[in-house]
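Several structures are given next for inspection.
Here come two complexes built around chain A, the first alongside chain B, the second alongside chain C.
Up next, the complex of A and B:
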């Protein structure tokens, strides 16, 4: 019986398995393969070497890596603070009005990320919507807000907000209202209810949202390019440069492998703490 | 157990709660005495859950006042009232152990860890749970054990009044019967005021010192279990306990009552109706006897035995009298021995019947 079920499950998942093998696993294998080929070559049929990794360690790539991880971390922290109250209200307070917010937030995803970021460039640039408006109406002179780290973080927060918001809403919605009432009946203040009941029980949603945004931010580069004006070179930027201008596929591959492994570690430690079945409602 | 000399713990005056146009509670007046076990009984939609939410402090009345030992507490939130509720769902914290659940209120009150632990273990043994359950996850406890943990958690900070929102309703019959008695024992041991709500008058009878019957946002009757059973004020209360024989009657002369639904007259109990007035005659199934030939009773009816139902220690019969089905209950050893469908005489003594006001 068990094996029968296993067989059915395998057959059902076969199409997806084939697709994933072709478009996800195969390219990854190619990347891993190229990462151990000699620099600036275009064949996978050579003797493996670790020289690309040596290059990464010896040069200043660690800076890009730190920037990527640092920006991601800052973005996750800001998103948690910004999204938690809204997510709480959507799950517990707004009722059907929460659906309106959901639609509005999802609508922003229908417009390409680059176009939305260019919109912010027009708003934040010197003489743009914001500084021009302030000058015309209030006579306040201000410099461009673009091309610095805060602008990049702002862009990351803006673009990846939905990926934090929705897992948080799901997580908070899993906290039964009666537990909160029981805690307050036992004498807990609002803050204590949040610390003792809401946060621990919504933790799966919080972890999933944080991990999702962290992973996406670590691989992002449009924000640092458009809003940061290349003031900061992030890891994804380095990888793109290596593959295109540098024509150094092995180096680009090696950089990718480093990023993949680091993020893989983060994901592993986070997912180990999360019961995905519970989030999907299968208890 | 008359409560008149006792202190009033909780006094409700004119409690009204409206949700938009709908009135869930219409001017409830009730005194809850210190140390009593009072049960508020009503069918679903009678407003009992709304009432208990106001008493606990999770909601505010639209009008009226709640006094706790003379102090008006309408606007005091649940977290600052010296009362506690055991929820229908129990609402145990699934991410905490049994010990942590019980200690929750003490931790909030900044009680030292050692004292907390001592109190939790004390409660664990009061509720007949093994001491090693202190470190067990609540999600691994059985339904009955979770009930006990929920009660221990509510008792931990020594609240003056405990409220219960049908916590036993999800359990199977036998466990429920055990826990009903256990709850009454705990009430005796702690001496606290217990306010329990349920839709089951039977459950209320087992546990309560007093019972308040609710219907449509109003209290129909308050009294001890004997009063509720023997002297219901109207048809609704009389029927709440289960099957009861009710006859529409009109008072004739000479202490007789004429049945209006079929041809017959009954002897009228004392302080009954004025001549010409209509009312309802109530006869509990267990006071009706099967009469032997020539045996006398104040009221006698002739009918046919329609069917019999075994109820454990008792047997119930449905007897058809002139198109109306009567319910008769006998102890197993006094059971009816004749055949079904045979003609029998049944009767009761006038002091075992009671006249209720006619429904308007």
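Up next, the complex of A and C:
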């Protein structure tokens, strides 16, 4: 029986594996190849060199990397605080109302990120929904809230909220109610229950959510472009510029490789500690 | 249901959820409002309303073109994702095979990848292979990110089914193909429908993967972005609102069909194919 399971499982995995080998692994290999080519070349057949990585260190590119990481870190922390109460309520308090929230949140994911960020531009700009409304109805003058670092973080929090929320809900749902009840009966305060039971047992969900949002933020670009007005140049932005205006594929590839390695490191670190079967509902 | 939650706390949780939903829908409301504003450049409060921008968008041939491109890509992505993801989901959740854990983790990698980097990597890859990017290559690009998601969506459904049903069918003499068609497929059907819907909608709204891989062709989100960044057009809010309405209508139809399906087939269970043999 086991050999049959092995055979059929492998056969079923083949289509998606072949697809990803051809359009995910192979392109990444090309990126890795280009990252060690001399600058500004369009051919993969030169002698390998590490000059692109030297350029990244010597010029200001590392600043973009730090900005991306800093923005991602801030976003993850804010999202944890913002999403935890909602996730808790969805997993433990709401019952069927949680399904309504789930559908409403998923719906927004299908609207292009551009349109949603553009909507925030309309809300936050001078004379937009917020400042225009305040001025017309309350007589309060207000400047544009756009084009600065807080606006970028705001945009990141907004766009990636679902990616924190759903893993948190799954994680908190894994906390057995009897255990919380028992702790409470034994005299634990609500705060103690949260610290000693909820948080440790929901940790897989918290880790997955944090990793997901961190990684997605680190590669994000539209938020800083649309809401940040290029006040800050993020990593993905540098990569795009190197490939398009710069026409320097090797440099763009090297920057991508740095980002990829960083993301791979975070993902590996987290996924090693998480059992995917359990979090997705297999008992 | 939960330990010592007072009435006031319960109300607090509901209020928080409602505020969170307002936050999520705020920009969509703003875009919709702006689409009815008569001014070329939006300012609030709106003094004069108009539907002229909608009329203009309908007449615009470029926009009709964009619509077809986006639609064709999304339909192709959906079809391919359903087929490939179906088998992937079985491997992910149903079979207990040797490489499964590694397969599960590998499948998550593309989802976690920054999409703009994926798009650029594909551009280099196409260039390496000598393929000129058009809307067809955008289909391939979308698959990198959407096929794993479709697989996961169907895998969630596959987790909840009992392998004993397949065993029983096999013991009763069904061939592998019959088991697949008569037992497995109907059981995973709700997952297939949601995965198809997810694939279509994620492709429809995708921007970062399209950006580098459509070549001279444009999709709707690309056009919107181009107009937002430079050369603003007052058609942007109207077209944006229409894509949102399109999504809403599609989802409403899909939900209605699923609901009707559940009502007619619900009691009989998923194996509604007892007449065949």
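Here is the rule we go by: the second predicted complex is superposed on the first by the 275 of 283 C-alpha atoms of A that agree within 3 Å, B and C clash if a C-alpha of one lies under 4 Å from a C-alpha of the other, contacts with A are read in each partner's own complex, and residues count from 1 in each chain.
The rule is simple: contacts are C-beta pairs under 8 Å (C-beta built on N, C-alpha and C of every residue); 3 or more make two chains touch, one makes a residue touch a chain.
Bear in mind the structure is a predicted one, so any value in this text is a computation, not a measurement.
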item	value
Superposition on chain A - do chain B and chain C clash or fit	fit
First, second, both or neither for A:47, with chain B first and chain C second	neither
Touched partner set for A:138, first chain B, second chain C, both or neither	neither
Comparison of chain B and chain C by chain A residues contacted	C
Touching partner for A:179 - first (chain B), second (chain C), both, neither	first
Touched partner set for A:13, first chain B, second chain C, both or neither	second
Which superposed partner A:197 touches (first chain B, second chain C, both, neither)	first
Partner chain(s) touched by A:261 [first = chain B, second = chain C, both, neither]	neither
Touched partner set for A:189, first chain B, second chain C, both or neither	first
Centroid geometry (CA): angle chain B/chain A/chain C, rounded to a multiple of 10 degrees	80
Gap in Å between nearest CA atoms once chain C and chain B share a frame through chain A	7
Shared chain A surface residues [contacts with chain B and with chain C]	181, 184
Complex contacts: residues of chain A adjacent to chain C	2, 5-17, 19-20, 23-24, 26-28, 30-31, 34, 42, 44, 82, 85-86, 88-90, 92-95, 97, 101, 104-105, 107-123, 127-129, 132-133, 136, 158, 161, 177, 180-181, 184, 190, 193, 211-212, 215-216, 218-222, 225-226, 236, 239-240, 243, 249, 252-253, 256, 259-260, 263, 267, 271, 276-277, 280-282
Of chain C, residues touching chain A in the complex	1-5, 10, 13-14, 16-17, 20-21, 23-31, 33-34, 42-45, 83-85, 87-88, 90-101, 103-110, 112-118, 120-125, 127-128, 140-141, 143-144, 147-148, 151-152, 155-156, 159-160, 201-202, 204-208, 212, 220-221, 224-225, 228-229, 236-237, 240, 243-244, 247-248, 251
Contact set on chain B toward chain A in their complex	56-58, 77-80, 84-85, 87, 89, 91, 93-95, 104-105, 108-109, 153-154, 157
Contact set on chain A toward chain B in their complex	176, 178-179, 181-189, 192, 196-197, 200-201
